[in-house]
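After this come two complexes, each holding chain A, first together with chain B and then together with chain C.
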Partner chain A sequence: MAFLALQLLIRRALLAVPILLCVSALVFLVLRLLPADPIAMSVPPGATQADYDQLRISFGLDRSLPEQYLIWLGKLLQGDFGGSIFFRRPVMELVAKALPATLELVGLGFLLGIVIGISGGLAMFMTRGRWGEQVLDGSTTVMMAIPEFLWAILLILFLGVVLPLFPFIGRLAPDLTLPVPLTGFLILDSALSLRVDLLASVLAHMALPAFALAIGIAPLLMRVLRSSLLETIHEDYVTQARLRGVSESRIVIRHAFPNAALPTLSLIGVQGGFMFGGTVLVEMIFAYPGLGNLMIDAVRNHDLPVIQAVALIYCVLVLGINAVVDVVYLAVNPRLRLKGRPA
Partner chain B sequence: MTDFNRRQLMSLGAGAAALAGLGVPMDVLAQAGAKGQLTIGFPADLPTWDPNARTLAAVQSLYKLVFDQPLAQNEDASVKPALVTKYAFTNPTTLELDLRSDVKFHDGTPLTAEDFKYSFFERQQQPVPQGGRKLDTSFIWRKVSAIETPTANKVIMKFSEPMPSAVAWLYFLASFVVPKAHLEKVGVEEFTKKPIGSGPYKFVEYQQGARLVLEANEAYWGGAPKIKNVTIEFIRDPTARVAAFESKRIDVAIDVPIREAQRLGGQPGVTASIYPITDIVLLQITKNGGFADDKARLAAHHAIDKAAISKALFGGFAPTISVPAALGSPGYPTGYEFKFDAAKATALLKELGHGPDKPLKIKLASTNGVFPNDFDTARAIVQMWKKVGIEADLEAIETSVYQERLRAGTLPEATLFSWGNAAADPEFYGGYLLDPKSIFSAFKSDELAPKFQPLLVETDEAKRLSGYKAAHQFASERGFTIPLFQTVKTVVHTNQVNIVKHVNGHILPQTYSFKS
Partner chain C sequence: MIVLSERSRAAWGRCLSSPRVLAGACLIVILLLVALFAPWLAPHDPQDQDLLSTLLPPFWMAEADPAYPLGTDTLGRCILSRLIYGTRIALYVAIVAASGAMLVGTVLAVVSGYFGGTIDWLISRAVDIWMAFPPVVLALILLVGLGAGVNKVILAIVLIDWTRFCRVIRSEVLVTMTLDYIPAAKILGFSHARIMLKEILPAVTPLIITVLSIEMGIAVIVEAIMSFVGMSVESNVAAWGVMIADARTTMHQAPWSVVFPIGAIFLTVLAFNLLGDGLRRALDGRLVQRNG
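This part shows the complex of A and B:
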């Protein structure tokens, strides 16, 4: 199993190289073709046309597109994303500060989404044909019909304002100071520094944005799992189990669920990718200082080096999630492991 | 004793139960202001903590908390002494300044003329590192050829050519004094991690995109701020700023939509301050396409009922303007008014062979969401133009697209644009927006050059100001610009806080206090 997983990860890593090259070229090209001027956005008063031309040269924008791309790619391979036009700081520094916040948020959102999706899917199946299924089915429709950013606003309104249960600004309460950043992941840092008050504050601040993200994936998981279970429940081995007198709940959990979970697992991989996209608006609404907020600043100011870097990092994260899901898929699906074995 | 109704009791019970269940400690939900600190919901974050690096108008207030400028502004935007107690041009290219002798940086070192020289001359001369970029102050102070420091409190600025706006620049964008010795010792990178200034507040903590925590500088030369602890929460989304205020997580919310400000202002214990500032909104005009003829541009200007737009979209708080300058500012011609006159607009268009049946076709571009009600304003203008015989094709654009088109000279006939000028100096209005040599001007006319360019080096202040008044009026009367109204600032705050309104739009908690 471990060998097969390693083989799979290596295959995925090799495949990621051309994908990342294509994405980087595409993002680079599209940004350059937009009729927008990154330098003009930050030309200060007192600058002349000559200054403006000089600034274009200093950012390499006077060169041909292929030349610009190759220079950027060359630097990228050395771990240098270049300098931000707007922030006047290395892009790597900006990304390194924002990335842990987004990873932490998406991680929790992902976890919440999976828990709600699977438990909800099981509940829908167990209550099939009864009013419980109808209620749950209706709620998935509502969840899917409302976009994540609107959920974010509704959550703030109901759980932040009307019933002020959760904070909804930033990552930490105003009266608490950040621990010395060990990793940048505040959950980890507060745990490592043995600060329960920090940990509680961090989790409370993450609750609403993570829930807003989770709502984006949970209803789909619920519906797919319910459908898969409905198909699986008619399989011969389920009938055999029933004839053996196994209880209905045990049949569902022990026999039907492991098989029905496979399509759900594939969906989790796809939805995980979408979740990163959802962070852009959710982070802005919750004033959460992650990659999404950084992307908004970069787009508003047409800060090309930052947009390129964040887009590429999103791509790497999506590929990473898909690779992890593939490994999990391999672990839970014995047929795949058998296929991998030599005859 | 507080009385609760059944619904409130149920809410409290449910809330407490949920909190207990989730293990959320109550102090997580601590209400702002409860611990004697002021929390402000602010719409923008700083790009860098080097105050000389960027001229970003939206965050100058934040720099002013930690750093000082040589001069400052009163509430009405007039100039007042700050680090500089006395200033005078001794000849057209020499500006002499006296500095206060009792100013100390937050690390206790005295602020002297050497720090001034470093901030306004030496830093600009330093070589730019590979891949780096010049400080914005390098462009602003490019005419400074030398700075002499005969004593620790005397500065003599020498200019390569007259720079009459130098005094205004001493209280405008990015012109802050930084500590030379400290910056040279630690380098820019370390400095921006924990900046030291001489301003009213000391830097405590900063999380990019999230929060800035400050404490009062008790040794501040202007007197210690009354509010000792200030937290700035960066909340970009206006809805979230409103929600944060309503849930009492912040004491002051900046730039909330006017309707929301009016609604919140009607609630007990809340005050909404809605006031016009020196920033303006105008139509940047070109002579491209349908606007080649003066009459067409003048008709377009006469057709806009600015007062109606102000009333409908800005609650009537946005004063209408007839020249590209704030009412009452030094460059505004007293008593001049460009009247809304639909009949005159119709007549002018008729002379060009146009009318509602045969409309003049033009393009109008506008940002959408960059400043309050921008696209709605553009739509209202389209409707007003339609009545007199101008058919405008409205296009939503990004600011970066506007800048690209401005640079390339491809802007359409009209573009709705917001222009910031906290200093309210006329050079930063017409001097930048209408001088054809300026990179910010849209209408490139040889007729405008002789009106504005001599003023850029005019050192007789009275002549300079009267020159700008006349030039602004000329530009408006010839249809080279269509000024609309001043921008409106909204500050919603609890009644526990006394705020001070500054017409330059700055948010300065060092001037605020808690009610006793």
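This part shows the complex of A and C:
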């Protein structure tokens, strides 16, 4: 089992290499179409032509496109993302600060989305044919018709402004500071420093953005789980369990759910990729200092090195989450293990 | 042929009797009419500023001005009129961008599924690469490269979302290719173009229409996102995303002004989703059988 999982991960990693190469070339090329001149935007007002030229050379913008790409790629492989034109700092430093924030937020949003999705799907199935199902079905339709970033604004409006229950700016209350930043994951850091007030503030700040992200994935999970549960209900093993007098809730939990969970699981992989996309706008709206916010800042200021780096990291994250879901799929689906050929 | 037409008549009947399809279609027709007759429906010019009456509340509140039924924004512009004119941009992007994505995606899907081999491999790998990007990230990168503007947003949507059509329709083409009438058409010596256009395309058309409807809703959302971050229309144009961005800054004083454009986006996306979902349920053979 562990061997198969490892094999699958290695295969995934090998497949990711050409994809990432193409992605990086694509990003690089598209950004070079840019009609605006990023150097002209970042030079101070009194700069001379010589200053400008020097800055151009220092960012390598005087070389040919393939040369620029290869230099960028070569440095990338050494872990050097270059320097930000707008922030005037190494891109690596900016990314290293933003990445844990985004991962933490996506992790919580993902967890919340899966909990809502699975419990909602089970509830829809249990209430099938009654008005409860209609209400839940209607709520999935509503949830799907409003994208995450509008949920973010609505949540701020209703739970931040009208009813001021949750904070909605940044990661931490301004009067609190972390004693030592250890990992950059604030949940972990505040828990490690044994400060309950910090942890409470961190979680309160993450509640609304994580919930906005969760609404983005929950309704589809609910629907898919419901319909796969409906398919299992006519299977022989369910009928047999019923004949043995097994209770309805036990049938659902023990027999129907494990079999119905697989399509939901592969959907979770796809949705995970979308959730990273969702963070871009949600982080901007909550002024949450993650990758998405960095991306928006970089886009607004035509900061090409930052855009390139963040775009590439997003792709790595999407490919990574797909690989993780594949491994989990392998772990819970005995049919794949028997065949010994991971899909 | 008679059997086929009976089946398609039955499919039409199912579509027209589906409450989702009807509700979605009615909403879309209403939105289209609003967009078309915007100059007659809007009480004010959407750009007209009235700096003496800024941030007026909607009609049900005490200090409301009946001249501005949904109130005004920070510059004293009529929110109702801006909402009405915003419908034009939303539907324009929805129709043009989704049709463009459909055209590119369908052509590549049919070619890919029909010829197979190297062509199929290349197109499928391109889809894989595209799928590695979160769509919003790819859209932002494209708009940085292409420059801002509503037509650039349309181009970006076409360049990103052709994969949505390509993936789904390609697998449907592959299913169609296993049916007897395709080899029959080949034996009869029909040209490739004729087989693709006359034999395969009709078989996948229901699916294309369904995906098109969903894609229109997605295009509305993408345009709203891009005008929200200032990459689409000029910042003074009445687009729903611009209105949300403006209203967000005054959410404490005037919470209602952010709700209206969100409501407009919700209704539009809901309409396209209902239509797409209804069509899928009515046209999908497996679902039809299950529902009897």
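In this section, the second predicted complex is superposed on the first by the 335 of 343 C-alpha atoms of A that agree within 3 Å, B and C clash if a C-alpha of one lies under 4 Å from a C-alpha of the other, contacts with A are read in each partner's own complex, and residues count from 1 in each chain.
The rule we apply is simple: a residue touches a chain if its C-beta (ideal position, glycine included) is under 8 Å from a C-beta of that chain, and two chains touch if they have at least 3 such contacts.
Small disclaimer: the values here were computed from a predicted structure and weren't measured.
A.B. asks: Given the alignment on chain A, is it a clash or a fit between chain B and chain C?
C.D. replies: Clash: chain B and chain C overlap once superposed on chain A.
A.B. asks: Counting only touches as set out at the top, which of chain B and chain C does A:Ala50 meet: first, second, both, neither?
C.D. replies: neither
A.B. asks: For A:Thr177, using the defined touch cut-off, is the partner it touches chain B, chain C, both, or neither? Pick first, second, both or neither.
C.D. replies: A:Thr177: touches chain B, not chain C.
A.B. asks: Which partner chains sit in contact with A:Gly83 here, chain B, chain C, both or neither? Use first/second/both/neither.
C.D. replies: Only chain B is touched by A:Gly83; chain C is not.
A.B. asks: Given the touch rule stated above, what does A:Ile169 touch, chain B (first), chain C (second), both, or neither?
C.D. replies: First partner only.
A.B. asks: Hey, is it chain B or chain C that touches more of chain A?
C.D. replies: B
A.B. asks: Between chain B (first) and chain C (second), which does A:Leu194 come into contact with in this model arrangement: first, second, both, or neither?
C.D. replies: neither
A.B. asks: Once chain A of both complexes is superposed, is A:Cys22 in touch with chain B (first), chain C (second), both, or neither?
C.D. replies: The answer is second: A:Cys22 touches chain C but not chain B.
A.B. asks: Touch check for A:Arg300: first (chain B), second (chain C), both, or neither?
C.D. replies: both
A.B. asks: Based on the superposed arrangement, let me know which partner A:Ala2 touches: chain B (first), chain C (second), both, or neither?
C.D. replies: neither
A.B. asks: One more residue to check, A:Leu243. First (chain B), second (chain C), both or neither?
C.D. replies: So A:Leu243 meets neither chain B nor chain C here.
A.B. asks: Intersection of chain A residues contacting chain B with those contacting chain C?
C.D. replies: On chain A, the residues that contact chain B in one structure and chain C in the other are 34-36, 153, 156-157, 161-162, 284-285, 296, 300, 302.
A.B. asks: Under the touch definition given earlier, write down the residues of chain B that touch chain A in their complex.
C.D. replies: Interface residues on chain B, with respect to chain A: 11, 14-15, 18-19, 22-25, 27-30, 32, 35, 37, 39, 41, 45, 47-48, 50, 53-55, 128, 131-133, 136, 139-142, 173-174, 192, 205, 207-211, 213, 231, 233-237, 239-240, 243-244, 246-250, 398-401, 403-407, 428, 432, 439-440.
A.B. asks: Could you list, by residue number, the parts of chain C that touch chain A in their complex?
C.D. replies: The contact residues of chain C facing chain A are 128-129, 131-138, 140-147, 217, 221, 224-225, 228-231, 244, 248, 251-252, 255, 258-259, 262, 265-266, 269-270, 273-274, 277.
A.B. asks: Taking the touch rule as given, give the residues of chain A at its contact with chain C in the complex, in rising order.
C.D. replies: Spelled out, the residues of chain A in touch with chain C are 19-20, 22-23, 26-27, 30-36, 141-142, 144-147, 149-150, 153-154, 156-157, 161-162, 273-274, 276-278, 280-281, 284-285, 295-296, 299-300, 302, 307, 310-311, 314-315, 318-319.
A.B. asks: Which chain A residues qualify as touching chain B in the complex?
C.D. replies: The touching residues are 34-38, 40-49, 51-52, 55, 58, 82-83, 85-89, 94, 97-98, 153, 156-157, 160-175, 177-178, 197, 200-201, 204-205, 207, 284-290, 293-294, 296-297, 300-302.
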